[in-house]
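Next up: some structures, all given as structure tokens.
In the two assemblies presented below, chain A is common to both, partnered first by chain B and then by chain C.
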Partner chain A sequence: MHRVLGDRRAILILLGPALLVYSLIMLVPMVWSLGYSFTKGNSIDGFTGNGLANFERLLTDPAVHEALWFTLKFSFVVTIGQVLAGYLLALLYVFHLKRASALVRTLVFFPVVLPTVAVGLLFQNLFQVAPQPGPVNSLLGALGLEPVDWFASGGTAFWVLIVMEIWRSMGFYAVLLFAGLVDIPDEVLESARLDGASGLRLVRHIVLPLSFPVLMSSLIFSINGTLKIFDAVVALTNGGPGSSTTPLTLYMFQTSFTYGEYGYGSTIALLLTVVSLLVSLVVFRLTRRDLTKG
Partner chain B sequence: MAVDTPLKSTPRGHRRGLPAAGRPPRRRGRARPWVMRVVVALLLVVETYPLVWMFLTSVKSNADYLNNPSWSLPTTWEWGNYTEAWTTGNIGLYVQNSVMAVVPSLALILLLGTAAGFALQIMVWKGRSLTLVVFLVGMMVPPQMILLPLFTLYFQTGLSGTLWPLILTYTGTGLPLTVFMMATYYKTVPRELFEAATIDGAGILRAFWTISLPVVRNAVLTVALVQFFFIWNDLLIALTFTNSQDLRTVQVGLLNFTADFGATQYGPLFAAICINVFGTLAIYLFLNQKVMKGLTGGAVKG
Partner chain C sequence: MSNNPRRARRARRTAFTAGTASVALLVTACGGTGGSTAAAPKEFSYLSATENTTVKNVLTTLSKEACAAENKARPLKVENVPQSSLDQKLQLLAGQDALPVQFAAGNSPALTGQLDKSGKIADLEGELSLLGVYDQLQPAAVSTIKALYDGKVSVLPYEYNIEGIFYNKKLFQDRGVAVPTTWDELTASAEKLRAGGVQPFSAAGKEGWPLTRVLSGYLYRSLGPDALQDIRSGKAKLTDPAYVKAAQEIADLGKKGYFGEGVASISYDVAMNQFLSGKAAMFYMGSWALANIADPKVNTVGVENIGFMPFPTVAGGKGSADQYPSNVGLGITLGAKSFDGKTGDWVACIAKNYGSTALKDAGTISGFKTNTPVQDANAVTAQIRKTIGDSKQNVLWFEALFGTKATTVSTSNAASLVNGSMSPQQFMQTVQDALKNQ
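Take a look at the complex of A and B:
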């Protein structure tokens, strides 16, 4: 019997194609990209060796510093916002709406599946000031406030981006965390209630610790996603005004394809990879103890 | 859902005996539903108003859009905006390109991923957990890392200028999650099922095809939905590998819509956005529960 399930030819037929495509499209290019970071040039003009020049440039390039700072700042704020909004929604589903939550869950989940480019263009117009004040500025006007040109400065554009990302994704985290909350045994909640815990105290002392593992996986998932933010920025601000909302992903793209600097682009991609791995590792280490407990 | 059962199962007399332990029930019983109702109402407005507003704007004429407040209803309903977006704005062509890139990618991802998941979980051989880890690496590395080598590769093999770069890249990048999810699903299928099948004379390949596939049919559907939304909504890969206007997918086309069509044509622009959004929404509503489960299932495991 062992021979049948260990049939080498069958394993090769089943696994071979996937492994081949995966290696050609992902594994080989990863290593290849590493090689590019020691060169300059591009696929049209050809490549020449460049030693460590790209890495030296990476360390001193103010645009990289700005992009890295933006990426980290954005990732931090959005991660907190996404997971917090998602958790509050999940609590709302479980403890307030209860059985009636299916409709609300569906509605709040809507934006998750929408094309980011479409959402980006939509938000551009929701927050616009000219030629027509968009709904947001109309609302400000109705409240007696001055309309704001949201995309004129990096500071306000950043917040529109944040609002859009949270709007887009909170339904996803809500459902994810909802799944975790539903798993809390009823007896535990009930006995806590009998002991007089209710409302916030119930959440703080019973629900929060018990949903900690799923909260942590949401956090890691969110950080990973937000560090790689691309579509949303391109569609909403395209990195502007100036380069004030340019994350590493977009800077890498511009360097490579707008300026044709493949070597330096690869070096930026490598930096992005290292940052993603480091952040995941830190979060993972911080939470490992609790994850194994749950 | 499961959470509210204990409340119901609690005998009434028992609950009435409670106040000694908690606060008087009346206070929160009156004040809170009001607040919560407002919260829920606000939430629904925040979720749906942008979409409603977008739809209303898509049927406004340009003069109507420019002269009247943004929240007002359309004075005349200009359905022609949709025709214009579809034909002059090329959305029809972009949708066609997207379909032609997404369908083959999806078919390849599912076929290769399911087979690999089977080989990695059901079959017994040395080094299969290592192979699984190798696939997992693909989920951690940002796609930017593979863009430039692939661009060179497609350029040198003459594949640029076709939809093949998209199909190949989507297949490659979609495999890690698919293989991982399928391997996880196969864990729930007892190996004895396949042993029994082979005792009855079926080869292991036949057992994979005729026995395992029907068993994991739901899982395949879930993975298909998750991957569909990933690929359909992708911008990065499509933007990198579609250098000519004729190859643009919906996302790239939409991004360039304002540039190509003139920023002044607001009606058709919003109609184009609407076609995208409501097209996706229709698919989502049709498959609602599966999508949610699939996306979150993939998330927890990924």
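Take a look at the complex of A and C:
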């Protein structure tokens, strides 16, 4: 075995096909896209070199600033929301519902398997004010409050989007974190309890540190998923009203494919890649430091 | 395994070369720069937007009846693409030099202009004149096409629509409202209707364009037929006071609640339904709505209760009420490369027969002459056909001369203008900024 793995030709034969496929479908398009960011034009007129003009435009384009700010804000709020909700649910499963949690787990997990577009339509109907008031506005009406046109302003549409995204994904994080909590040995919990730790103190000093690695994995999952949010926004608000709920991904899509500016679209995609990379690096560093401590 | 270093190096080199070669192959395939041979097309292929069913149905009828011989020589083949991904598909096909014989040419005239500049679109004025059928196009439709496409006939007028305000005669009568002819009368009527418990207008804020059309209507009446041409040429800006005033008027309609509640959530179908079920008294729309008006399943107030009025005049304005906003629907054009004798035969046959077949089968008005007399389906259709025949001067719609970006920005912000979350000044500034960037 050592002879085979020590032979460079064998390594090439074994790794080659996978590397080739990876290069063709991942690396080549990435480099290609990077190349486009130095051009202007489209497939009808052809592409011409544009130097750094796209990057200059990126710095001064208010729409990019708005989209970047929305993306970061959305990612921050949803990440906290979905990991926190998932963690609380996982604690509920393990310490309160115990073995009876299977049914609740299934029910909470259910939205994860629903198509995003269906969830988007569901929430549109839940929060709508016209042509008929949706359940949320009917409830407000029953309480004697004025109905709210949730999708008429960016502020309220943002919160509907947040609620939808957390509701949709918390079941996934609950199951992920549940797996981490189940792994905590019973003896440790038992001895902590004998030492007088209970409730919040038990969670703070025993459960939280022991489930920290899986909590960190959830955070990385969540940040990566939310920075690249696309389908949920398209289904619920399509970036509107105006462009107030447009994330970078959607702006990149519109620029490239609707406005036919492939070069500038690639530059926006590059910005998104850099942002994702930076955030991942920060989270990665935090995880590594904390893990060595723990 | 061999331990001979030379052989190993050679093998590595071979593998590397093979890898590089396949990458290069794939890249060239993706690039699509290879020019294909100019073989004559086997079919009369037609790429249509999925949403538009009229044109393909009428063409199919023609292929079986009047144009059966042309169809035998080059059979009609219809392909569909959702209208929202049409521009994307066309850009890809054009880049690969693989455009169909006939196709819907993009959502904004700007894209068609781009295709034309790169020589992908046939010069229809020249081709139709050569075929001797140029006179089969209605002059009004030709002038609309020329206004849209830089003075060229780039598309065929499969549809010819004018726009105005449809109203519910019964609701008007019950509340003692006369048909308004000026903007002030219109707003007064709207107030009277609202006070009488009827929603004055239904409008699709979700799509946005039905609202910006009202805005351009006001602009054309107050500033005259060149109002938006001046924006394009840079002679005026949307942020000029006279333009902001128009946005203010439309925003005021919303502020007073004339569009009902939650206008941003109202889709085209819902708006149509609100009007045709008697929940709203007025509906700004194009004559393509005649198909829904004539359908008793959708129109529960009865076709005899629907009237049509032109956009009212504005006091002291330069425009007049007989200037109708008009369009030719989603432009459908023909590829330059595949326009040969057999395609020409098809086009000549369409020019001679499309008008009457479309009116008879689908109840829609096209920009082709109706060579076989057809009985009008109802009074509104008759009124609109007469209006089109009498119309001397046409104007365009708000986004007609905008590029795709400004069009998207304008339509996606229209509901915000009407529901007050954006001021008229802000709205015009946003659209003006989008115009600058193209």
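Things worth noting here:
Basically, the second predicted complex is superposed on the first by the 270 of 294 C-alpha atoms of A that agree within 3 Å, B and C clash if a C-alpha of one lies under 4 Å from a C-alpha of the other, contacts with A are read in each partner's own complex, and residues count from 1 in each chain.
To be clear about the criterion, a contact is a pair of C-beta atoms (placed from the backbone, for glycine too) under 8 Å apart; a residue touches a chain by one contact, two chains touch by 3 or more.
These numbers were taken from a predicted model, which means no experiment stands behind them.
Once the two complexes are laid over each other on the shared chain, residue contacts for A:V28 go to chain B and to chain C alike. Residue contacts after overlaying the shared chain place A:P131 against chain B and chain C alike. Comparing chain C and chain B on the residues of chain A they touch gives the larger count to B.
In the superposition on chain A, contact of A:F257 is made with both chain B and chain C. Once chain A of one complex is fitted onto chain A of the other, the partner contacts of A:V4 extend to both chain B and chain C. After overlaying the two complexes on the shared chain, residue contacts for A:T60 are found with neither chain B nor chain C. Contacts of A:T48 after superposition on the shared chain: neither chain B nor chain C is touched.
Where the contact sets of chain A with chain B and with chain C meet, they give residues 4, 7-8, 10, 24, 28, 32, 43-44, 131, 257. Within the complex formed with chain A, the chain C residues making contact are 1, 8, 11-12, 15, 19, 22-23, 26-27, 32, 87-88, 91-92, 94-96, 111, 114-115, 117-118, 120, 260-266, 270, 274, 403-405, 408-409, 412-413, 415-416, 419, 421-422, 430, 433, 438.
Put simply, chain B touches chain A in their complex at residues 1-6, 10, 18, 21-23, 28, 36, 39-40, 43-44, 46-51, 53-54, 57, 65-66, 69-71, 108, 112-113, 115-116, 118-120, 122-125, 131, 134-135, 137-138, 140-153, 155-156, 168-169, 171-173, 175-176, 179, 191, 194-195, 198-199, 203-205, 208, 229, 232-236, 239-240, 250-251, 254-255, 257-258, 269-270, 273, 276-277, 280-281, 283-285, 288, 291-292, 295-296, 299-300, 302.
Here chain A touches chain B in the complex through residues 1-2, 4-8, 10-11, 13-15, 17-19, 21-22, 24-30, 32-33, 36, 43-44, 89, 92, 94-99, 101, 104-119, 121-123, 125-126, 131-135, 138, 167, 171-172, 175-176, 179, 181-182, 184, 186-187, 189-190, 194-196, 198-199, 214, 217-218, 221, 224, 227-228, 230-231, 234-235, 249, 252-253, 256-257, 262, 265-266, 268-270, 272-273, 276-277, 280, going by the rule given at the top.
Of all the residues in chain A, the ones that touch chain C in their complex are 3-4, 7-10, 12, 16, 20, 23-24, 28, 32, 42-45, 62, 124, 128-131, 147, 149, 151-154, 238-243, 254, 257-260.
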